[in-house]
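There are two complexes below, and they share chain A, which is joined by chain B in the first and by chain C in the second.
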Partner chain A sequence: MNFSWIAVWEGLPLLLEGAVLTIIVSLVAMLLAVVLGMVAAVMSQVRHVIPRTVVRIYVEMFRNTPLLIQLFIFYFGLPQIGISFSPFVCGLLALTLYTAAYNIEIFRSGLEAVPKGQHEAARATGLSPLQVSVHIIIPQALRISFPALGNNLVSLIKNSSLVSAIGMVELTFMANDISFQNFRSFEIYGTAVILYVIIVLSLTRVLGVVEKRIFARNT
Partner chain B sequence: MEIRAHTTNRGILFLLAGILLASSLVTPASADTLEEVRERGELVVGVKTDFPPFGSISADGENVGFDVDLGHAFAKALFDDENAVEFVSVTSGNRIPFLQSNKIDIIMASMTITDERAEVVDFSEPYFLSGSLLLVPEDSEISGVDELNGKTVAIIQGSVQDAFVEERAPDANRVKFGKVSEAVLALKTGRADAYVHDDIVILTVAQDNPDLKPVGEPFEPLPYGIAVRQGDDEFSAWMDEQFDKMRADGSFDALWEKHFGDIKDNLIKPDSAEQG
Partner chain C sequence: MTWSVFVEIAPHLLYGTIFTVVLAASALVIGTLAGVSVGLLRFVPSQSLTMAIGGVVEFIRAIPLLMLIFFIFFGLPSIGIDIPTFPAAILALSLWMMANASEVVRGGIQSIPPGQMEAARSTGLSGIQAMRYVVFPQAVRRMLPPYIGLCTILIKDTSLAAIIGVLELTHTSQQLIARTYFALEIYLLAAVIYFCLCYPLSVLARRVEARLQRS
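This part shows the complex of A and B:
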């Protein structure tokens, strides 16, 4: 059996269609996971024990269980207790919560990396604790943690392939669907691999540009 | 720095393109799998594990089913030892790639013979005739495939029903899953209004799940065959011989009775399968 360029050519439009959903899901999930991660990381720094414990439990639950199982719980499990989201929402929710658990750890270490002296100096100028957090600590923590988010974005894009298991028609689903019909596994999965590389490289580049834009004026 | 990172990215793409191109020049050696199997002393068969009564896993973790028993019968014919056979779990989607990449010798996985598949694998003579049926929740009002427009229909990725439903109910929203168990779960949790698959699996699932019911008449009857790699003519001829022997000595009928006895009235009769 020979390599068929025709199979690649014929599969490409559908694969690109799937790639669009992969990009959308990954970008939206990343955006939500960054916001959620930041909020929860700040919560984990609060002196009160309850918010800290809640964040801890959340992080350990989502980081230490397979994403596929989480997806199945959202998709197959929740309807059984009367809560039913669309497949898209289920996929987005699972990817967001999973990625946010990792983002929390990144932001938390960022917050902890800001020298204590910054806090004390800011307080000494008469800023309130909230003002110190918002204007002094969090911006610095963000700058420290931002580069590490790139790794999480790469993982997220690859993890998004799992939502094919709940019937979401993204890149991996399309690759399965096409190769199950024309049996050109090598050509179709090979093309999907190249598309994933392009997506990952482009999106991490976008993240890099965002990072530069946001932090340029401070450096 | 910027420029170097850029060339690295481009380098990776060229490398990948190169791999694709190089692989287009490689052709696998032609197969004589029957000879290989005889030398190895063991037959490696791709079977379903989620498709009772053709292939499933028993409570104690053993492969069981009609296809599995056929595999044992073939092993007995080959090596006079019905256990000289290894079963590998496959799905509708991945069984042909498994065969093409030499992970298994033959596919005995409730596989419908279609023109598209016959272009990439060779088939034995048909050994079963299966139509398609709908499975719906007990209280559903759906009674046939023509009523599926506008409904959400669970389908197994890579199954023949994907095209059938697209043809007969073009406005149905087809949701595709990898395994029967997932499609059934989708039906039970209200994710899908109906599940369309081979009559035999629908009837078996309905037997085990009183909250689900099969509806309609079996449509688009198609034969099952055992798939071998292209060019393995000797192997498929050998299997046809085995089928003839088993039909003559009654062991094929015994297998039929063992696995389909409970539901045979709802199936298309085996005599028609023999005509192929």
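This part shows the complex of A and C:
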């Protein structure tokens, strides 16, 4: 057992590059999943039964099956019927759809938590139903949803490690790649673990501070 | 995919499913026992101990499960600790479950008003007795919905063991696809099986949650 700091030092530039990619991919997927989640959550509030059922099925399907299987279906399964994506598009797509399913539930309870009076008052000032949603209800729902959304972002960063399994380059992929070349797997995976912990814990702190700001302004 | 192919692969998928359940159940038992112990240890009246435990739990929770699996299975052998695939997967899943279950336990106990503990102590119960007979039983009801949620995630996450070669449902699917090339059908079948394992738990969690909110 001889720990090699040189292996850590030599692996670090690529691992850091991987860490940056992990952060970028997660942020992009989160942005898309927030938009998709919000649209679907609003759809599930509609009185008509079809959009509600579609959203319900989507949520249950994506939340009750493993992300890895979803990735494999997109990457290895869909080409069979003539739909194929690059690992990057496929990874981003799978992460977005999976996270959106969790976001929908958060937004739904966020929308329901906005007092009914807000809706009526906004309508009474002469805003159209669409304007009421966009300017009055959704901003409040977003604010209520913020803490849970933050948790989802943290999960997303950890989940993004799975896309290495279909060959999308990010932190876990880099760690695999380097350690299969230099056989210093203890050092390389150890460093990757530390990098993930740094990313996740600093994100948690930042989210905590932002959360405090948001809710301080609210009261 | 023809019917004959399906008949041929179905038994394999069934074995894979059983293995997935065994894997999840093992990690569930070990992780829950360890997690409850760790969660309770965070209420020991020693600040240095509770802080150290909190730090370790936070550290483990911040590591992606896949990274934990890789570290245990590929990382440890290079310093002379060789763990075969199945124990490595159980170890990683149990560690994950332990850290998350301990947080559920902590949250549940903290949600019980401190007056309960004080009242129990003032009747002459020791700290441990008060926790065991008064606070913990009340907290368990509040721990249930998030705990069931963890079980669902655990079942889904056993699929990660496929990446280091544990022959559970996902890896079985991969091998069947290598033989038959029916990637879409077989992965969809696997998804349906996972859904059948997880969905009842999701429904149960919602019911328990709803009942809690009514009471």
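Criterion: the second predicted complex is superposed on the first by the 199 of 219 C-alpha atoms of A that agree within 3 Å, B and C clash if a C-alpha of one lies under 4 Å from a C-alpha of the other, contacts with A are read in each partner's own complex, and residues count from 1 in each chain.
In this text, contacts are C-beta pairs under 8 Å (C-beta built on N, C-alpha and C of every residue); 3 or more make two chains touch, one makes a residue touch a chain.
Source: prediction; values computed, not measured.
Chemist: Taking the superposition as given, does A:F215 touch the first partner, chain B, the second, chain C, both, or neither?
Modeler: The answer is neither, since A:F215 touches no partner chain.
Chemist: Taking the superposition as given, does A:N159 touch the first partner, chain B, the second, chain C, both, or neither?
Modeler: second
Chemist: Does chain C touch more residues of chain A than chain B does, or is it the other way round?
Modeler: Between chain B and chain C, C touches the greater number of residues in chain A.
Chemist: Quick check for you: in the superposed arrangement, does A:Q80 touch first (chain B), second (chain C), both or neither?
Modeler: A:Q80 sits against chain B and chain C alike.
Chemist: Does chain B (first) or chain C (second) touch A:V197, or do both, or does neither?
Modeler: After superposing on A, A:V197 lies in contact with both chain B and chain C.
Chemist: Between chain B and chain C, whom does A:D177 touch in the aligned arrangement: first, second, both, or neither?
Modeler: In the superposed model, A:D177 contacts chain B only, not chain C.
Chemist: For A:F186, select first, second, both or neither according to whether it touches chain B, chain C, the two together, or no partner.
Modeler: both
Chemist: Who does A:T65 touch here: chain B (first), chain C (second), both, or neither?
Modeler: Only chain C; A:T65 stays clear of chain B.
Chemist: If you stack the two complexes on chain A, which partner ends up touching A:G167: first (chain B), second (chain C), both, or neither?
Modeler: The answer is first: A:G167 touches chain B but not chain C.
Chemist: For chain A, which residues lie in the overlap of the chain B contacts and the chain C contacts?
Modeler: Touching chain B and chain C on chain A: residues 1, 3, 76, 79-80, 165, 176, 179, 183, 185-187, 190, 193, 197, 201.
Chemist: Can you check the complex and tell me which residues of chain A touch chain B?
Modeler: Within the complex, chain A contacts chain B at residues 1-3, 5, 8, 75-76, 79-80, 84, 87, 165, 167, 173, 176-177, 179-183, 185-187, 190, 193-194, 197-198, 201.
Chemist: With touch defined as at the start, can you tell me which chain B residues reach chain A in the complex?
Modeler: The touching residues are 9, 12-13, 16-17, 19-21, 23-25, 27-28, 92-94, 96-97, 100, 116-117, 120, 157-158, 175-178, 182, 185-186, 189-191.
Chemist: Write out the stretch or stretches of chain C touching chain A in their complex.
Modeler: Against chain A, chain C makes touches at 58-59, 62-68, 70-71, 74-80, 152, 156-157, 159-160, 162-163, 170, 173-174, 177, 182-184, 187-188, 190-191, 194-195, 198-199, 202.
Chemist: Considering only the defined contacts, which chain A positions touch chain C in the complex?
Modeler: 1, 3, 60-61, 63-70, 72-73, 76-81, 157-162, 164-165, 172, 175-176, 179, 183-190, 192-193, 196-197, 200-201, 204
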